[in-house]
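Listed after this line are the structures, all set down as structure tokens.
After this come two complexes, each holding chain A, first together with chain B and then together with chain C.
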Partner chain A sequence: MMLAKLVETRTVRTLGAPRSARTRIITLVSIAVALGIALALPYLGTTAYVISLVTTILIAGLLAASVNFLVGDGGMASLGHAGIAAASAYGAAWASRQGMDPGMQVVFALGTTLVVTFVYGLLSMRTSGIYFLMVTLAVGMVVFGLAYRLSSVTGGENGITGIRRPDFIAEYWTFYYFVLAGFVLGTLLLWVVGRSPFGASLRGIRDSESRMRSLGYSVPSYKLSAFMISGIVAGFAGLLSVWHTHFVSPSAAGVHRSVLLIVMVILGGVGTTFGPLVGAAIVVLVENVLSNSVERWPTVLGLIFILVILFARAGVVGSLQKLFRRWRRRSDGPPGEQDLLENSPTTDSSHTA
Partner chain B sequence: MFEPVFLAQQALNGLSFGALLFLLASGLTLVFGLMRIVNLAHGAFYMLGGYIGVVIATLTGNLLVAVIAAVVAVGITALVVEVGLLRFVRGQELPEVLLTVGVSFVIADLCLAIFGGDPRTLPVSATITGSLTIGPLTYPWYRIFVMAVAIVIGIALALVQSRTRVGAIVRAGVDDREIIAAMGVNIRWVFTGMFVVGAALAAIGGTIGAGMISVRPGIQDEVLLYALVVVIIGGLGSVPGAAVGSVLIGLIDAFAKAWIPDLAYFTIFAPMALVLVLRPTGLFGKAA
Partner chain C sequence: MKSMKTSAPVRRAGAAALGVAAVLALAACAPPGAAQPSEAPTEGETATGTLKVGYISPITGNFAIAGQEMVDGWNLYWEVNGNEVNGVTVETIVEDDAGNPETSLTKAKKLVESDGVDVVIGPLLANTALAVAAYTSSVGIPSLQPVAAADDLTQRQANDLTVRTGSQSGSQTNFPGGQWAAGEGHKTAVTLCPDYAFGWESCAGFKQGFESEGGEVVAQYWFPNGTSDFSTYVSQIQAAGADIAFVATAGGAPGPDFLRSFLGLGLGGSQELLMNCCGMDQATLRALGPEIEGFKSVSYWAEGRDSDAVREFSEAYGEAYEGKLPSANVAGGYMTASLVAAVLDENGLVTGEELVSAITEYTFEDSIFGRVSWDEFNNTVGPVYIREVQEVDGKWVNVPIETFEDVDQWLGKDPEEAMQQPTYSQSFQG
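Right, the complex of A and B next:
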């Protein structure tokens, strides 16, 4: 497929030699520092607004991570993931409006997530590339249509308000820790799956479906499984978002949301572990700042999207990784095995399409 | 519910809506056939064409002038998009498609800024009024006119593709871009031309369609969904597929709206799901 340009950074890293001890230490230390700051955040004299904003970023980052997993490891660009998250949110919201307790909200959120994700997966598992994108887009539009027109269940255009979250996370800062824990667990899950044999097979399918099929892999079931994993993470993010804002409306399922997720992923860096979070942070911040001052927000969003695709396809994290590698190459002297691999044609998956 | 007049009425509704879908889907499928781009700005082109068509028709009272104005304006927009943006990512499918999403956002939002949020329809002065009466059946001439336009354009597209030099170049370009480029054809400009033609078809659909369904914010996503469903069923890149898919979806939609209005949104989706499960490339599609 022609996804090569978008998944370039990931391919390089998975095919490259094991990262050096120094790189690993730097990565671990920076993760520890980031986590330390995140844990200390409510004690740093921050306002409830800042905590709420960071919570929004973490939820968006988790949702973007679920898309990133599909694009990066699976080569499947989903343009309908907002629909999955919204389905989960609607499940929880509906249960809440029926007066059910938070436990049942979780059950309904999970139930709708599984059903909707399975339908998505079933319809799209035999397609790839552009076809996959179109099918997920179409299914996402149907979820939006459902949310909009099935007003007896979804409240139509007005959505559902007043969703209560469990008592133990009722405070904004306890909820923040809950979301932080959820984000770390979700990211860890996707990271582990990405590095498992399953993840390797998935990347094999991404690079050459026909080769994997002739090796005896059941390509559709791998794609469906990947979609289910991604969908469950997305559904969890949807539940978190409805608990965060106490509100869900059709726009949560809209094409715009799905596109924003792709923007986050590309902006941060496709296939990188922390790219989605960085992308989500940029988008959420821009959105919150701009929506106060610029009425033509969708135009700005569209322009950002166009500029990112034209000029910054490696994304922030991807570009930093590239810079870092170049800097290391210079400081380490003659090129090592990793650099040779990096420049060899086998790392360009477009040749294997 | 099953009276002949009612059935005929719904069948005509379905066929006229199908005709509009064909105007919409043929452009989408042509662009994909040659350029491998699923132009997700197609709905926005339809919307822009519709608004401009309505404005010009209100000013002049002449449908032909309105269509020409819409085609020119949307054609220029498409030219700018192709030369100014898409050429920079030529050959990279996913970035190409995603760029068109960004374009769609910008166009739809600018339409909202310029034309406002109220639904707009073609003024009566620019539509074909009156209705055809055969016994107990009456049917508006305008919808029959839409069918006629779709049939004329469908035949014209088929003739251009099969009988002219331009058609031969396009057909060759679909099969092998490198060879046709090596034979001295400037394939880049063929691509550009194709993109503009696809957008022009959307503009025609937008203007003429404004006599059947109003142009309003959000219409771009709605018509894009219908067009996507049609080309997924018919097979991307296939004009006959677009014709068959349009008629099928038009009829299903009309009868579903009459018989099971609550489920109408899903009835267009069911055949798409069925086709995708059985034939992922569509009825007339070739493997990607």
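Right, the complex of A and C next:
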């Protein structure tokens, strides 16, 4: 059923205005520069602490990206994604506590992720808007409750410590590269899915569920599939985080964490590719670095959030993109080719020729 | 230019895959220059004669009050006695973890790897403490625990470098409470504890103590964290009709909230009650003092104990904090500071394993808790007091009326046997 739909949707165009060649090159170059810096980071005389901090940001960024995919493309704000990541982490942690090797940890992490995500998806696929929010919040609380109360399996509030990661990424810097690769792959996966016909249909559902339904789309199955994709990325982030900290406790599944993920997404810019990373960087740095010198750091985080909501609705990355576009339009003087293209989606095919 | 546009996703995916391959190749062949950071912090300490301490505590968030008290206790000792002992200067860096284990870990890494501390003290909550202790032991840095009460910290998850210095474990403190209650001639008991690890451990301790002396626990009730209306629980206690009720809280508002319901429903005169350390701490006494005169509780800390160490501590704290008396959290911080000072005084500068063994081989004769020593799992072995609320010099204090000396964490069992049990929960109370 889904496959047939995928073929049909190839003609649907909801990708928005095509970007000009120059914008595209600038984007690619900045991605390459950022990746280059990230790759060289351990060689630039940074300490293990800094690398570990960047690792934390990348993992949080990947988790936020999985939330961003659902909100941005599907219009589904999940308040329970920390629960999925935590379920994956608990899967790996439990396997590790039973003395299994890291390979089995991955299997268990994947297993719990799939089961939990499927439950999330099944319960929430017929809802949208505030109801979706409430259902994901509720399932997240169930995961938290299980982690908290099922102490024979999860260690209760004490959590599970001493989880070992595979030997080949035991060093902090090899693990950093592993996480970086995982982040790039995860982001790429979400990017490709977002640009695919499937992503287009998802945006169609976001914009008008009733219209998509009347066109013959099975809205719930699209939502379920989107949730599964997002959940798998979240589960992967959960596995990375438990390998990073060697530790998991119920607070990893708490509402607080899920809310922070939404905050990251909004700070960075809903629906942007790199917004979640920027948002994660802001939150993690305020939480871990600013708090060294500023006692009232939660207030600072709140202020940043309010300022972004007031003056940069589209988030840091989204607003920068807007600003950049406006600046280019102005600096180009008389409306040139790019400007025309940007304002007229229909001329898309003409400029590639 | 043209090609870049026509096949964007595929081409880009290919390029990224190439990038990833390059990363892996790079990572495989060349270890970065920063391969030696783990040994860097341990150098240069003997030369300077400074003991660098990293102190982690939740100074913001839900546990801010307890966290701040834990820091106050530590700072108070050094303010009163000066931060130089036997030629060793004690330098403290305080970090806030907001009660979040991940932040706790990052802070611990920062303290060890960036600041090069010799010892990490804290944090407060059980899960944060276990996470930090596992990390510090993996990098060879001692971890001292002033407040965290989790049994597992010195049992199933014990390690050579982690020492509980300023408290006892959850079940350990309440075991003598049960013994005392049975010794007073009570045959049946009902318990009410918070519904998470600390509560399960506290109630398990009481229950095992009570039953070891021939008593019977007829009903156990659990309240979720965040409960503020205790009237239903008080009714259940009343309905249970047991000779004595044991009620534990983790400190903060639940203590006074429970007692208000308890008194409000008129049980104050008819139902025998024993509370734990934190349900009947100074915060409760300040709120309800006159109404709870004569109420009893069990704890390793008794601010009304007649001893020079306690008096000196209480006076110093009162001077610094508007005449208040210190709670168990303050005492934990102060106790840890005085212990570090005592050990430095005896041995000069010791770090790493030497610091740990100096502490665990030490017997602290006249500490604010009484005579305290350490077992082979680095847990405190010391007195537990049955305390009664009395008015002393216009202040309401917990005065010890009975003392159980040298209480260890094994509840009368063999260590091996104790650690093979499941962890305590609603369904397993030992």
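Going forward, the second predicted complex is superposed on the first by the 293 of 353 C-alpha atoms of A that agree within 3 Å, B and C clash if a C-alpha of one lies under 4 Å from a C-alpha of the other, contacts with A are read in each partner's own complex, and residues count from 1 in each chain.
Here, a contact is a pair of C-beta atoms (placed from the backbone, for glycine too) under 8 Å apart; a residue touches a chain by one contact, two chains touch by 3 or more.
Keep in mind that this is a model prediction, so the values were computed, not measured.
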| item | value |
| --- | --- |
| Comparing the two partners chain B and chain C, which touches a greater set of residues in chain A | C |
| Which of chain B and chain C A:52 touches, first, second, both or neither | second |
| Touching partner for A:123 - first (chain B), second (chain C), both, neither | first |
| Chain B versus chain C as contact partner of A:298, first or second or both or neither | both |
| Partner chain(s) touched by A:131 [first = chain B, second = chain C, both, neither] | first |
| Touching partner for A:255 - first (chain B), second (chain C), both, neither | first |
| Which of chain B and chain C A:195 touches, first, second, both or neither | second |
| Footprint overlap on chain A, comparing chain B with chain C | 149, 256, 296-298 |
| Touch list for chain A against partner chain C, complex | 21, 24-25, 28, 35, 39, 42-43, 45-49, 51-53, 56, 148-149, 151-152, 155-159, 161-162, 171, 173-174, 177-178, 180-181, 184-185, 188, 191-192, 195-196, 241, 245-247, 249-252, 256, 287-288, 291-292, 295-298, 352 |
| Residue numbers on chain C that touch chain A, as the complex places them | 1-2, 4-6, 8-9, 12-13, 16, 19-20, 22-24, 26-27, 30-35, 37-38, 59-61, 95-96, 98-103, 105-107, 109-110, 113-114, 126-127, 130-131, 133-135, 138, 150, 152, 157, 195-198, 200, 422-426 |
| Residues of chain A that touch chain B when the two form their complex | 1-6, 77, 79, 122-124, 126-131, 133-135, 137-138, 141-142, 145-146, 149, 254-256, 259, 262, 266, 296-299, 301-303, 305-306, 309-310, 313 |
| Interface residues, chain B side, partner chain A - complex | 36, 38, 40, 85, 88-89, 91-95, 97-99, 101-106, 108-110, 113, 221, 224-225, 228-229, 232, 236, 265-266, 269, 272-273, 276-277, 280-281, 288 |
